[in-house]
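Letters A, B and C name the chains as they come in the text, with residue numbers starting at 1 for each one.
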Amino acid sequence: MRLRSLLPVLLAGLAASAGTASAQDLTGTLKKIKETGQITLGYRDSSVPFSYLDNNQKPVGFAMDICYKIVDAVKADLKLDKLEVKLNPVTSATRIPLIANGTVDLECGSTTNNVERQKQVAFTNTHFLTANRFVAKKSSGLTKFEDLKGKTVVSTSGTTNIKQINEYNAEKKLGITILPAKDHAEAFLMVETGRAAAFVMDDVLLASLAASSKDPGAYAISTDALSKPEPYGIMLRKDDAPFKKVADAATAAFYKSPESKVVYDKWFMKPIPPRDINLNLPMSEALQHAFAKPSDSPDPAAY
Amino acid sequence: MFSNFDFGVILNSWRYLFLDGMTFTLTLTALAAVGGVILGTLIAMMRLSGLPVLPQIAKVYVNFMRSLPLVLVIFWFYFLVPYIGQWIIGAERPIQVGAFSSSLITFTLFEAAYFSEIMRAGIQSIPKGQGAAASALGLTYWQSMGSVILPQAFRNMLPVLLTQTIVLFQDTSLVYVLSITDFLGAASKIAQRDGRLVEMYLFAAVVYFTVCFIASLLVRRLQRRVAIIR
Amino acid sequence: MNYNWNWGIFFEASPEGTGTYADMLLSGLMWTILTALCAWVVAFAVGSVVGVLRTLPSRAAQAVGNAYVELFRNIPLLVQMFLWYFVLPEVLPESWGTWLKQLPDAPFYTAVVCLGFFTASRVAEQVRAGIQALPRGQRMAGTALGLTTAQTYRYVLLPNAYRIILPPLTSEFLNNLKNTSVALTIGLLELTARARAMQEFSFQVFEAFTAATIIYIIINLLVVTVAGVIERRVAVPGR
């Protein structure tokens, strides 16, 4: 091989080794992102308005917007010209294993941040607070959790909600039949078609599902709740402090900025796709507080 | 009862259903069938090799895969493949495997167990004398397999392999449990979003039926042709 | 590997308050077996009838039998589950639909009916093949003895055909058993669903799925062993 043809190869090799040298200072997810030029976001089918599919079946939502802020921060932090964002669907049941096994880097949805989950994964700063309630048809007259005695109810598998209703059922010996559903839309469908009397879930999701249903007036949300308002967080891999630091800084800066109010209003106070429904949920005092002082605490009492 | 059917929902979403959903389903079916047949043939050859240990490994693999429900295998691999990849290439972290690759690996490995049984029957259907004749002519094992036994076995078994591929096409619908947008996944997402599950599920059933019915008619015709030539 | 192994998890209490995680998996196993057995009864009965239809001299009977097999074989099982569970109650008269939906254990009944009819198409194929594999002389001998068609089937053809097709029927039974897991999509709390629930509650993915895998393999081995015993018992002496 002549030198002239060898030179570009050598140069390319040098450039490549220079590239890896800087990547070597990084660890974990940041290193991976630097090396591959890709970041994978996990999105949900029907966590309205956090992460769900719009008219074109593209994932959108409040949590997606927050994730894109983190993506921008990662891009800036790694000084990348280009960062390809890949999207991967997750369900309540698959999200934790998929974070752990590296299929997704950030889970953008409505995942409750609690102590138990922190043994497996990590969360950035809280982006919402919601309590565990149920939705039922008004005609059924179910308004309190006690009313569910002997009924068939549905909840989404892999959520804290289905765990809590199971524990409640066992403790009070109510004889409730609890069906697991794959995702929120499927669970709501069970109530809509009369397969289940009630759907036990975070109240904000119930309100959005009912509002975007065919007959919003037909549904009522329970007056009592099984839990205090619990925090939602964007999920990421455990034991990855550098990546979490970038994500925490990005979300904290966003929540404290006036822009967070604008983005909140975009999803909660204005008509949203796919059917231009306005959820009309003003920001709660607890959430205003959580945005003023961003925190990743799993303790509901901290908010 | 059919008066309040809204077939417009299908018209409005056909691009998503077919361009996104059906494309995924067909690509997955085709690639997994090819991969499954290749891997299955290798497993069948292992099983018939007469060497020590290899036949036992092949048998355990086939019986293991055939004992498990596909749904369980789908969950297993979706969570496990990144770790296996990490282990194979010795990476420091689980390798990233997307939904499509993960499904492809799952179906290839799972269906290989079924394809290997078909190929085993195919290889055994070739008279022993042919293998003996091939080695008498000085052909190596790989030469006699590659140019004498396998082409015939493959041809004899083609209708059965294709029938199994139709089963595979139907089985791919099970990726629904992972929220992946295959044809059924697309149909159910539209069904749930628009509250039109009756129309969408019936439509999905009609589409699957049409594809599988026509495919199986073609396979039967092929079967007759192959049978006459023999 | 970034994972906390905990094999003791099976003896920890599950959040359902009805026992440990091991109990949870066992209850799943019970549903799997119960569903598989009930569906098999349906499949065997319907499948035999359809299989016989396809071998009758009547063209109309053959057409009905063939149509049944084509219909149920060419639609994925998961889609059939959705049709029975979500679509059927909506296209029935409203009062029937409501009754169906409010049945206790509706996922169980739906799974049994759906799997039963689905597996029946495969059983029918085996029954037809078994009958057609018999020497034609048997049917003629039956007729010559003055037996009606029904009697010929009952006393001559079917007893022989079932013996021949026992091995493929065993594998259909195993398929039927494995296919019960598809019913997790309509809320049946069978073994795979319970393993998944255990994974979700405890986060111990690999322990939960390993346990389910081992249980499935044990059931398979048991069924194969039992089928082997039956096969030897009912073998026609001298064949």
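Criterion: a contact is a pair of C-beta atoms (placed from the backbone, for glycine too) under 8 Å apart; a residue touches a chain by one contact, two chains touch by 3 or more.
Not measured: the values here are computed from a predicted model.
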{"item": "Core chain by centroid distance, with centroids computed from Cα atoms only", "value": "B"}
{"item": "Centroid comparison with chain A (C-alpha atoms), farthest chain", "value": "C"}
{"item": "Distance between chain centroids, defined by C-alpha means - chain B, chain C (Å)", "value": "22"}
{"item": "Centre distance in Å when chain A and chain B are each reduced to the mean of their C-alpha atoms", "value": "34"}
{"item": "Interchain centroid distance [CA atoms averaged], chain A/chain C, Å", "value": "38"}
{"item": "Where chain C touches two or more other chains at once, by residue number", "value": "2, 86, 90, 185, 196, 205"}
{"item": "Sites on chain A at which at least two other chains make contact", "value": "97, 182, 189, 193"}
{"item": "Per-residue overlap in chain B, given as positions that touch at least 2 other chains", "value": "79-80, 83, 94, 176-177, 188, 197"}
{"item": "Of chain C, residues touching chain B in the complex", "value": "1-2, 70-71, 73-80, 82-83, 86-87, 90-91, 174, 178-182, 184-185, 192, 195-196, 205-206, 209, 212-213, 216-217, 220"}
{"item": "Residue ranges of chain A in contact with chain B within the complex", "value": "28, 32, 36, 38, 40, 45-46, 53, 56-57, 86, 88-91, 94, 97-98, 101-103, 182-183, 185-186, 188-189, 192-193, 213-214, 274"}
{"item": "Residues of chain B that touch chain C when the two form their complex", "value": "1-2, 63-64, 66-72, 75-76, 79-80, 83, 86, 94, 170-171, 173-174, 176-177, 184, 188, 197-198, 201-202, 204-205, 208-209, 212-213, 216"}
{"item": "Interface residues, chain A side, partner chain C - complex", "value": "92-93, 96-97, 100, 116-117, 119-120, 152, 154, 157-159, 162-163, 166-167, 169-171, 177, 179-182, 189-190, 193-195, 237-239"}
{"item": "Sites on chain B touched by chain A in the complex", "value": "16, 20, 78-83, 93-99, 102, 176-181, 186, 188-189, 192-193, 195, 197"}
